[in-house]
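Here it is, the structure in full.
Note that the chains take the letters A, B, C and D in the order they are written out, and that residue 1 is the start of every chain.
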Amino acid sequence: MYTKDEIIATCISHQIPNGQLVAHGIATPLVAAGYLLARLTHAPDLAFISAIGQSVCRDWAPLGVATIEKLWISQGLMSINFVDAVCSFIPRFHPIEFFRPGQVDATGNFNNVFIGGSYERPRLRLPGVGGIPDITPFGENIFLYVPRHGRHTFVEKLDFTSGIGHDPTTRPGKGPTYLVSDLAQFDFAPESGRMRLISIHPGESLGRLQAKTGFVFEYQEPVAETDSPTPEELRLLREVIDPMGIRMLETLSGRRRRQKLRDILREESAFFAGFEDS
Amino acid sequence: MYTKDEIIATCISHQIPNGQLVAHGIATPLVAAGYLLARLTHAPDLAFISAIGQSVCRDWAPLGVATIEKLWISQGLMSINFVDAVCSFIPRFHPIEFFRPGQVDATGNFNNVFIGGSYERPRLRLPGVGGIPDITPFGENIFLYVPRHGRHTFVEKLDFTSGIGHDPTTRPGKGPTYLVSDLAQFDFAPESGRMRLISIHPGESLGRLQAKTGFVFEYQEPVAETDSPTPEELRLLREVIDPMGIRMLETLSGRRRRQKLRDILREESAFFAGFEDS
Amino acid sequence: MIDKTLSLSDAVRYVRDGHTIALGGMTIYRRPVAFVQALITTENPPSKLTLFSFTAGLASDILVGAGMVERIRTCYFGLESFGLAPMFTNAASDGKIEIIEESEASIANGLRAKMAGVGFMPSRAWQGTDMFSVRPDVRIIEDPYNGRDLTAFPAIGCDVAVIHVLKADKFGNCQLGGNPTIDHELTLVADTVIITAEEVVDSLETSIDFSGLPVSAVVHLPQGAWPTSCYPTYPIDGDEILRYIDACNKGEFDAYIRRLSQ
Amino acid sequence: MIDKTLSLSDAVRYVRDGHTIALGGMTIYRRPVAFVQALITTENPPSKLTLFSFTAGLASDILVGAGMVERIRTCYFGLESFGLAPMFTNAASDGKIEIIEESEASIANGLRAKMAGVGFMPSRAWQGTDMFSVRPDVRIIEDPYNGRDLTAFPAIGCDVAVIHVLKADKFGNCQLGGNPTIDHELTLVADTVIITAEEVVDSLETSIDFSGLPVSAVVHLPQGAWPTSCYPTYPIDGDEILRYIDACNKGEFDAYIRRLSQ
């Protein structure tokens, strides 16, 4: 058996061709796990650029929370300052990047600013847009992931559009090409620009998927089933890439999430001895 | 006794207040000699940025021709790439910089593009403008130097304006504040913006200066005499800063210049042993 | 150069009512937390600050919690894997704080415009998004070479920038230890630059990350980023960050800060 | 990553008639002289090239002397302390070469525009000078935030960039040994990037100056910058540069190149 985070990380990994430049944003350990899984299986020649540390990396290390900088700083091929990365490096290379939308609509527009209420008095203020409105107007390698599939995320109408999707009347960019959640994988139909089911994860049903999605998505029957992670993929995720289970943080919330964080920090402080020595 | 290059370097040195950032362009060893003389006398806390090596330096080394990079690269506090230096660093810091005009007019406009003929068929094509038209429209620390004072350089009308002077009808910048040649020192009168004599170098006359200048400059009688370099300044220039006499290249031309270059290169190859070892 | 070393209590006096204050580092890495604490607990703490942070995190959340921030300019405000920034998230939902909605590109281009001494820098960013609806001050211009619409991001400066560094010399030359973020740029756009440093040495001779030329004050402040990290000297103190979040969630921000400052 | 090592004779084939070719390094430091020689002496040398060099020096002058350059884009063309670049200076006085008059700012901003994917970058440079009279393509725009005139420097790209480096790995990751000039930017604006390197190693793991991602070919070419310098491996060979100048002044450019290539 495997967990939701593991099939998401595996699906992310399968989207990464060898030899590509992949970008890793803030607080997205599931994406890091997916990239590293690709790196250790079919894509040994990946290069990473990371928001944390602002380096170009070819090497890798297991995921951390308190010590995550070690991965990106100490093993960097070169350091790039944020301004150069944003203005020159990312526009030039169109790196593959996975974004986690706060809300996403049927054509792949998405929102990371606020949910509910008004902009001035939101029900929930989100952390903010980062580089999303910068890259999505022209990016060619935009991918989305949603760790907890639900109608609060997949909505008919966004409260705010910070990431550009496939609405053919408004979009200047190319839009996201792929979305993975804990229930299924999607791409976007070329004509309509609407979300289109690729496959449902093992054990999930089309009816449940439709019920948990706030808009109508396209699909063809018979519906395909997502490949389960292989035993080797699971071993790599659990033993090599992320032995502390940091990737799980994105699928947990509230008390369970805080408890998991405490467990991770306890395990990591053993690792910290090495951090201090190096 | 002293040579023309030595009084010019000394005058340059006297213009540099302690604690400033000074910029050093391409092929201007006289300016480097002046900066280093300031550094070793009244201005120990200078910082340098140099076109060669693109570094910020606090340390210094004797001048070189074939090995000049060693000075600016191996001893740099930090490296700045050219694009950042041009777009961000220089506009932010307004470093002191000495430019050598191909032609200069009475209000301090100057030309480093071509002399005589037309732009398409010039009598003499000059190397080009470097950063002159970039900095002079807003720079606050523009200085000029002319190693060989003559009517070919001090002209009534420029063939091309690449550096902005004090013409009050056109200038958006502040213009050069100072000019030194092998004959005299000048500043610019606040009202008219025209060149104004500060002092004549020892042994030169006002009549000769006027005859060698292609326009009327302002002066007050009695005309002051430039301070001669002190014995200590001459010792520093000759023995410490520039024992090979590289600063003299700017006051020589033709065969004498090439012979001086050959002499320098021969002396420098002894020094090169050390260059290779370091 | 001038010796710029200064005591923490003198350095906080640079920050005045109504100032825009920028904080170096990023989210929960190398943030000037000890400086922010000192600023909160000083005798007459400044008010109505505008906070400028490329990515705002713990230090910013504390400043917001203390009620000193009227306005925040950032493209991300959160505690990374530790979740939302509690005091910011509450203040934003209550409409008690003005947000100048930025993105990575609007900040990066705004800094470049300020450094270059021009009003704006052009970019393809934001085209087609709702960002303009919350930033009516951001103009769209026509590219004179191809007629396309471009976003003209306005210049961004600040009154005071506070940057915690691994090592500084007394002139303000600094080494960061990686994670350069926008700290070098902050030193170039701020009117006043304050450095807090794990270690202060007489003179750094090489490999600095930015020059001390624009620095006004250097404060020796070991553990000055705690509980955020200062790589490679110490990692994030995650337990302390969780204690902070728990205290905020229980409405005990003030008590937490008092305890921290004892 | 792909092994990009290539022979010199294969690498020169990337340069085609009418291409814009950029040369890395600066004036008489780390110039790709050996590559330029190979380009001149190859079987069907390309013609009608546009040469792009931030500061053009010896390698550029040789290419001009060979009659392969129709147009030159630069802000400085000279041999530093060695004086004017002879073949360029003659060609320019004879009106035999078109000069796209640039400055440091027009090139720096043009590179930034190209990298950002916009048509221009704005600057205070050139205002009040005669530069616009020889660059009628450069537009003046109004700053939408303060109404001031700004110079809109157009984007600059190139077909092929040739950069000589101290050390490269077979993927094209490079170390320059200081004097970074605009070489990193050239790799980001060129369609094809060719590296010639003093030393080629299997894999560089740290401290690279630019990434091999956009690199097409890596040529092992020891002494590839001679007689310009490759710091810290060798200094400028000033005697050879004087021999070059003397030969040019005597009208013996072709003989000089023949002798060099033997």
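Simple rule for what comes next: contacts are C-beta pairs under 8 Å (C-beta built on N, C-alpha and C of every residue); 3 or more make two chains touch, one makes a residue touch a chain.
Computed from a predicted structure; not experimentally measured.
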Could you tell me which chains make contact with subunit A and subunit D both? C
Once you count every C-beta pair in contact for both, which comes out on top, A-C or B-C? A-C
Just grab the chain with the largest centre-to-centre distance to subunit A, centres being mean Cα coordinates. B
Chain centres from averaged Cα atoms put subunit A and subunit C apart, in whole Å, by 26
Cα centre of subunit B to Cα centre of subunit C, whole Å, reads 41
Once you find the CA centre of subunit A and the CA centre of subunit B, what distance in Å lies between them? 56
Flagged in subunit A as touching 2+ other chains are 76, 87, 91, 138
Considering subunit D alone, which of its residues make contact with at least two other chains? 112, 116-117, 121, 123-124, 185
What kind of graph do the touching chains make: line, ring, star, complete, other? other
Could you run through all the chain pairs that touch each other? A-C, A-D, B-C, B-D, C-D
In the complex, the residues of subunit D that touch subunit C are 116-124, 139, 141, 143-146, 148, 150, 152, 154-155
Which of the residues in subunit D come into contact with subunit A in the complex? 1-2, 112, 115-117, 173, 185, 188-189, 204-211, 213-214
Can you list the residues on subunit A that touch subunit D in the complex? 19, 21, 45, 47, 56, 58-59, 75-78, 87-89, 91-93, 138
Subunit B residues within the subunit D interface of the complex: 26-27, 29, 51-55, 65-67, 69-70, 73-74, 76, 79, 81-83, 86-87, 91, 113-114, 117, 119-125, 127-138, 160-164, 170-173, 246, 249, 257-258, 261-262, 264-265, 268, 272, 275, 278
In the complex, go through subunit D and note every residue touching subunit B. 26-27, 29, 54-55, 74-78, 80-85, 88-89, 92-95, 101-106, 108-109, 111-112, 121, 123-131, 133-134, 177-182, 184-185, 229, 231-232, 235-239, 242, 245
